[in-house]
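Just so it is clear, A, B, C and D label the chains in written order, and each chain counts residues from 1 on its own.
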Amino acid sequence: MAEKNEQSPEVQSYQKLQEKHELKRPLLKNCLKAFLIGGLICLIGQLITTFYINFFNFTEQTAGNPTVATLIFLTMLATGFGLYDRIGQFAGAGTAVPVTGFGNAVISSAIEHRTEGFILGVGTNMLKLAGPVIVYGVFSAFVIGLIKTIVIKLGGL
Amino acid sequence: MIFLWAFIVGGIICVIGQIMFDVFKLTPAHTLTSLVVLGAILDGVGLYEPLIDFAGAGATVPITSFGNSLVHGAMEEAQQHGIIGVLTGIFEVTSAGISAAIVFGVIAAIIFKPKG
Amino acid sequence: MTRTLRLLSLTLILLVLFGCSNSGTKADLQNVSNRDLDQSDSIRAKETLSSYKETTEVHAVNTKDKLFVAFDILHRNRFNMEEIESRARNDLKELFPNKKIEVSTDQKLVLEAQKAEERLTQKKTDSKHNLDNEIDNLFKLAHKKA
Amino acid sequence: MLQGQRTWIFDNKPVILSTATVGGPDEAACNISKDFDLLHDDMWLQQSSFEKAQTMMMEEACDIALNKASLKADEINFFISGDLTNQITPTTFAAKTLETAYLGLFSACATVTQSLALSAFLINAKGAKYILSGTSSHNSAAERQFRYPTEYGGQKPPTSQYTVTGAGCALLSDSGTGPVVTSATIGKIVDMGITDPFNMGGAMAPAAVDTIMTHLRERKIDASYYDLILTGDLGEIGHAISKEMLESEGIKLDDSNYKDCGMTIYNEEQAVNAGGSGPACAAVTTYGHFIKKIQKGELKRILLVATGALHSPLSMNQKDSIPAIAHAVSIEMGSDSQ
């Protein structure tokens, strides 16, 4: 990609031809599906939160963790029974962006690699897909926390 | 009301993800990583908490909330111990999502095998 | 697939309707007469917060030296929740400078404060000791962190 | 023998004595399911891993081909085969079971023609009497190696293709009756800078065109010599592109004499997006469906151009483009080519 200007005219003309025939991704339809399914997952999350608030001793603040854990538990079942990849093909980002998508990335990697054993298979490969999310989540939190603390210390904000 | 807004806000965040998939042709890993960093930045400038107040699970369920809760954890320590707190805070921060995914991942590996 | 979609949207609408329909019942605190259980401060606090244009529901419980207020606001104002909460806190501090005050907009605490009120009016909370317990529980719950 | 720069003409007429195809559950539901010799309804084939399942399909295909020709494994000189799973271990373990001399190949989805061309060459040169030439792939084994875990809910774009679960095998000999391998053209790497791993057809089409053009030129024949020019797994996009490219070179083909295995195998209801792919795609379609047509006399001469994308997950992550290759082998009806 970086060598775009080095490409020969033959390659460039081929890529034009290729683009002409390439099936376009149905953006509008995909976005609508992502909206509906993604929204639905969040709605289910809200229902679970409300359930925990009303029937257990959780506040809005503390109900977040059990809600996420419950959603990931449901994801485990959907992934294990081979449903999540099918819903994912339909919903795209609608199932990838909620925490259920994160859970699915971890859980699907874990069960995929069980044939290679629990330490070298499951253990090493579990975070193969979700690793970058954790890595850059933590790192960006560190950087932002640092910047914010300095700004506050300097009397800004 | 909160249910409606959870649906709408959650849906919109997913649409942003879908656009990153389809228009910018990012892989899921790139997309999710960008969204987590986005969540962290939004919390850094103080916009994510109001969004949670407004949309409830619509803001806590999407992956962006990882960034939010990580920054929150770091900031809490920082308020007590200053700049050192950011460093020590970041080690104490855990997100329920990460722990839950790992625990259920191992359980799933014991119970299930891929359907193919 | 269309059938599934239709089913989904139907459940969705039902859920939203269901979620919107739980309006709060008002407990009449003026009936509480016991001096130890005097709730007149709570009534004043509720009047103050009810005068805000954003509030939809206020519940309050107090002892001699503590006051707990939980309130809910119009959904469109939830973006400014922190600001409204601190305004309420300051107003109440001014009103009751000698009391330890806790203010919350958390759904759970609104729910619990309402229950505490009901127990007062139904005379289930009938001693100073019980009331102290009630308010301590509310304070504890409000301080719980995620 | 050698004609032109990279085309072999096989004057001694290596014969395809028998062929065998094995498929998985998706293949049992596909367009050409009746042409399979053996179909499985379980992705695992009761094995402990997808890779072992792939090994088993390869073994079964070899057994069936041997049975059809009433031969035993120890009469076979060479087993020439490959696949695209990690260091072609599924094929290697099948070779271990067969206990024959073994040459392992890697040309990704073009392995079927690479193997067939080399086998025909060896037999033509009297280097062997019987050769088993085959290839296999397994959808889940390929998915987990090249893309995501099989249960991961990633959305595949419409340009993506679906790896065939199956194995195809041909038994070649220097004498006997059956379709004859008459010529082969070895392809060269063509890389047009496509980097999207979900668009294999677009990456491989120029390689197919290059090989077809070279084959026709070096054999000094016209495209109409063949009843059918059959590409491996270009899919919808690659098929359309290659057709347009061939047309601009003056070779006009239509849907009746220019087909793609990846578009032939699955039906519309199967969610395979642009079509089938994988080494087994061209193998099962040709050795099952089209060989039967040749045997029945419905087709006389076909040119099989299997295409392969020779990238690896590593090269993709290092932002390299997808290098593609295509090898062509012509198969003609025995009596006609006498």
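Just so it is clear, contacts are C-beta pairs under 8 Å (C-beta built on N, C-alpha and C of every residue); 3 or more make two chains touch, one makes a residue touch a chain.
Treat the numbers as computed from the prediction; the structure is a model and nothing was measured.
**Student:** Point out which chain occupies the most central position, where each centre is the mean of Cα atoms.
**Tutor:** Central chain: A.
**Student:** Please compute the C-alpha centroid of chain B, do the same for chain C, then give the distance between them in whole Å.
**Tutor:** Comparing mean C-alpha positions, chain C is 29 Å from chain B.
**Student:** Can you work out the whole-Å distance between the CA centroids of chain A and chain D?
**Tutor:** Chain A and chain D have C-alpha centres separated by 36 Å.
**Student:** Taking each chain's centre as the mean of its CA atoms, how far is chain B from chain D in angstrom?
**Tutor:** So the centroids are 45 Å from each other.
**Student:** I need the residues of chain D touching at least two other chains; which ones are they?
**Tutor:** 50, 148-151, 154-155, 157
**Student:** Residues of chain A that touch two or more other chains: which are they?
**Tutor:** 25, 30, 36, 40, 43, 47, 50, 60, 64-65, 79-80, 82, 92-93, 96, 101, 105, 107-109, 111-113, 129
**Student:** In chain C, which residues are in touch with two or more of the other chains?
**Tutor:** Residues 12, 15, 19, 146 of chain C touch two or more partner chains.
**Student:** Between the chains shown, work out who touches whom and classify the graph as line, ring, star, complete or other.
**Tutor:** Chain contacts: none of line, ring, star or complete; other.
**Student:** Going by the touch definition at the top, which pairs of chains touch each other?
**Tutor:** Pairs of chains that touch one another: A-B, A-C, A-D, B-C, B-D.
**Student:** Help me check something: in the complex, which residues belonging to chain C touch chain A?
**Tutor:** Of all residues in chain C, those touching chain A are 1, 5, 8-9, 12, 15, 19, 106-109, 111, 141-142, 144-146.
**Student:** Where on chain D is chain A touching in the complex?
**Tutor:** These residues of chain D touch chain A: 48-50, 144, 148-159, 192-195, 199, 202, 205-206, 236-237, 240-241, 244-245, 271, 273-274, 319.
**Student:** Okay, in this complex, where on chain B does chain D touch?
**Tutor:** Residues 21-22, 25, 28, 113-116 of chain B touch chain D in their complex.
**Student:** Under the stated contact criterion, what part of chain D meets chain B in this complex?
**Tutor:** Contact set of chain D toward chain B: 43-44, 50, 139-140, 148-151, 154-155, 157, 196.
**Student:** Hey, which residues of chain A end up touching chain D in the complex?
**Tutor:** 1-2, 7, 10-11, 14-15, 17-18, 21-26, 30, 79-80, 82, 84-89, 91-93, 95-96, 101, 104-105, 107-109, 111-113, 115, 129
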